[in-house]
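Structures given as structure tokens follow.
In what comes next, subunit A is part of two complexes: it sits with subunit B in the first one and with subunit C in the second one.
Coming up: the complex of A and B.
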């Protein structure tokens, strides 16, 4: 399927999104809510592009628009630049306490606006929700609606589903999810977890329910010592070295 | 003139009591019961007489309405206490009860039948053809008016492709707001070779002041079922869903009964009317989110997910409910289908304009004399709807604007009143057809405040998924509120326009993309009013309290004392028959004086 993106002729696969095709040929389209692991969400609308099909021109979200016929795509028209500047302005207004948004606000030369809540960091990209789903926990989601929408556990209480893996916090681009770690305990989303300790280096590295969850998900019995990722890597390396020496 | 010509050879007489929502709220259930009691065992009535509770007749302003057939008498604002007089005078003695007849507010003339009034004369009932004429809980009533004949014709005389062709030829466009050609939708769905296919009726009417779909579902549920069954035959669907607002209690009740009755009569279920078609319909009760009127959000809601839309680059006709090909149409669209099939596409297409065929139902509300439900041919002008049918503006005030298309529609000014109403003209004027809400506003309306009101509604009802809609509306609301409070800046108008444009172009669904309409249309037609607020700190309509000061024009004031007596803050003083004055320090700017002055003597500074 022949598609042009910013004048570049490319061969696209049927059904792949414009964003995927553009990434493959090295055309950068800005995104905030996109992760390759989850695919397009169509939430932030930063990736809007102009699509021309025959005589018809329109703006679409490149992360969700599947290529099913020959189209011409423009990714950086003045119209799109204004949309992106406005989206960054809106998100900076929402989350002025985020360094990530402060930087983007400067980069995109955002309009002067009054921040809503000076302490807010979350931009509602929902990557945390997607990560939680992918882990298989389904502990958090986007609740309420309209301008009240926010990320939370059900009823803002400790969720029985949360395993404290902190995948949500790890993927959050703005550092909006608070994880407290102290004295072998980890607190996240109103819940405190006992940490498991690396048998080798003694470092706390994971919550107990995570170990259980991994066993359940992979349906395997963990063997050997309980090691942190770092020590596990070292041990694996030394095991391999030992094997190759013995050969 | 009061003597009735009771035709002696008529065997029965029918009394229809309007039990639409408006009339019920005004006590029509008690009227109906009183009538039933009065008729029971009454041997003084010569002609055998029955009473029936019907759906909404449309003239809600004058409800509860009672119609007597075949004499064609309409009584307005009937109370249970009036029943003995109706029984005695009209039913027993054949006389009219004049005080209950419709009285034209302008000519003061009484009308025997509602058919003679201007309110009904300019209307054309297609989708509403049965409502007010039948008992919605009786399948026999529906059959008596030609119900299910279209289905029989489709199943026995037409192929599925012919049914689709007929709908295409009728030119019917979706009545829910989008205006997409219904026939094309069906054709696209039938062409996707991936059964099962589904049919959905969108009854999630959520616009403030709109009750078109509600009246149809309550007053004629079988027409919706018949439309859906015909579609199921045309596209090869196995299951149908009616998504109805949970607040529509009577609609849910009447629909449930209608589905049960349709199953009993063989219109739903296996091998409908002996054909190969097997199809059933399930009722899904919505959770009360405005955004679920958007079709993908509605589908998500039926599936048990949060009611959030998704990007519709692949239409639901290809990937809809549970990923399967789905036709989703609005209640009013479904109500038109049996008429098109039974009477033919040509008949239907003869009504309306080039691009918009048939009729459109509007709920006419606001500062208009005859509020109610009206159905007019496409192409009727706004002036005809508001002045001829609606009877003009209440209390002799000035027309200012009419808001069409629900909260994300736009406000249309006086110089566009001769606009023929159809899908395309309204969009060109910066508003939209939407599902048919029509709110009339008078000169006591601040257009900045109106924009703020609608944006506030949308801020609460946006699903909050995409950034332009959630955050953009929040910024629009903040800016408009600031202007209404007198803290607006000249550059605010540029900000409103730039952000509105981003929301229109980048939002995920139609709710977001149309959300800036109230702002942009008022900026386009009433820009001066925004500038008055910002530059001169003055609200010309006297609505925004921070920017309003009332005074009394001594030339016009007759000293009648009405404003002084009614002022809740005791801010008005003056002697009888002499000009009064308002003390600005005491005035709470409630507007009671300006609203009620019969001499237009109260002014806004």
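Coming up: the complex of A and C.
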């Protein structure tokens, strides 16, 4: 399937999204709510591009638009720049407390606005919700509607489903999800978890429910040792080294 | 926590409403509408039972329950005051009525008095613009409401 992206002729796979195809040939399309792990969500609209088919031109979200025909794509027209500038302005207005948005706001020369809540960091990209779903916990989601929309656990209470893995906080681009770590305990989403210590280096590295969850998910007998990712890597490396020496 | 007969009866009603529908995700909205109609709000327990019935995470149910204005998560008062805030009533001073309700009862739209007597809601048009501003107390219509009349209306309904 022959497609042109910003004048570059490329061969795209059927059903591949414009964003994926562009990435492959080194054309950068800005995104906020996209993660390779989850695919396109079509939430933030930063990745809008212009698609030309014959004489027809239209704007689409490149992260969710599958290539099914031969099309011509423009990723950086003045019209698109204006759209991105508006998106960044509005998101900065919503989440002025995030350094990530502050930087983008300057970069895109956003329009002067009065922030809604000076303490807010969340831009509602929903990567955290996706991450939570992928983990299999289903502890958080977007609640309410319109300007009141926000990410929360049901009833704003500690969710019985939350395992404290903090995948939501790790993926959050703006640092909006608060994780409190102290004295071998981790607090997130109104819930406090006991941390588990690495047998080797003694570092706290994951919550107890996460260990249980991993065991359930893997469905295989884990080695008896409880190691942090760093020590596990070291141990694996030394095991492999030993095997190759013995050969 | 000791359970009284009211709670047991409520739970039976909840489960009979929920079990009217096949355990499929597409019936969540219909179940919640029936629950709202029965209880005037969505009790937390009913939502948990719904989630279990349709085998769907609570997050999904809660997102839907908070998305639609037709659902309430807090119990409504015995008397639900609905002030019309449509164009005609708005021009005729419905905001004054809303402020006046706050002065008398201390509740804003969407809230309920601590004694569970009154709730306040705004609606967008009752189709009675000729008698604006209109107030509805449960199903009774009060035309051309003024702050003075509002006090009378509230007193009248309080005594019920």
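FYI, the second predicted complex is superposed on the first by the 247 of 247 C-alpha atoms of A that agree within 3 Å, B and C clash if a C-alpha of one lies under 4 Å from a C-alpha of the other, contacts with A are read in each partner's own complex, and residues count from 1 in each chain.
Simple rule for what comes next: contacts are C-beta pairs under 8 Å (C-beta built on N, C-alpha and C of every residue); 3 or more make two chains touch, one makes a residue touch a chain.
Just so it is clear, the model here is predicted, and its values are computed rather than measured.
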A:79 touches, of subunit B and subunit C: first, second, both or neither? first
More subunit A residues in contact - subunit B or subunit C: B
First (subunit B), second (subunit C), both or neither touched by A:56: neither
Touched partner set for A:147, first subunit B, second subunit C, both or neither: first
Partner chain(s) touched by A:180 [first = subunit B, second = subunit C, both, neither]: neither
Partner chain(s) touched by A:139 [first = subunit B, second = subunit C, both, neither]: second
Which superposed partner A:64 touches (first subunit B, second subunit C, both, neither): first
First (subunit B), second (subunit C), both or neither touched by A:155: second
Common interface residues of subunit A - those touching subunit B in one complex and subunit C in the other: 141-142, 144-145
For the subunit B and subunit A complex, residues of the former touching the latter: 289, 291, 306, 310-311, 313-314, 458-468, 470-475, 477-478, 495, 498-499, 501-502, 505-508
Touch list for subunit A against partner subunit B, complex: 42-46, 48, 59-61, 64-66, 79, 82-83, 86-87, 90-91, 93-94, 111, 113-114, 116, 123-124, 141-142, 144-149
Interface residues, subunit C side, partner subunit A - complex: 44, 47, 57-63, 66-69, 73
Residue numbers on subunit A that touch subunit C, as the complex places them: 129, 138-145, 153-155, 159, 161
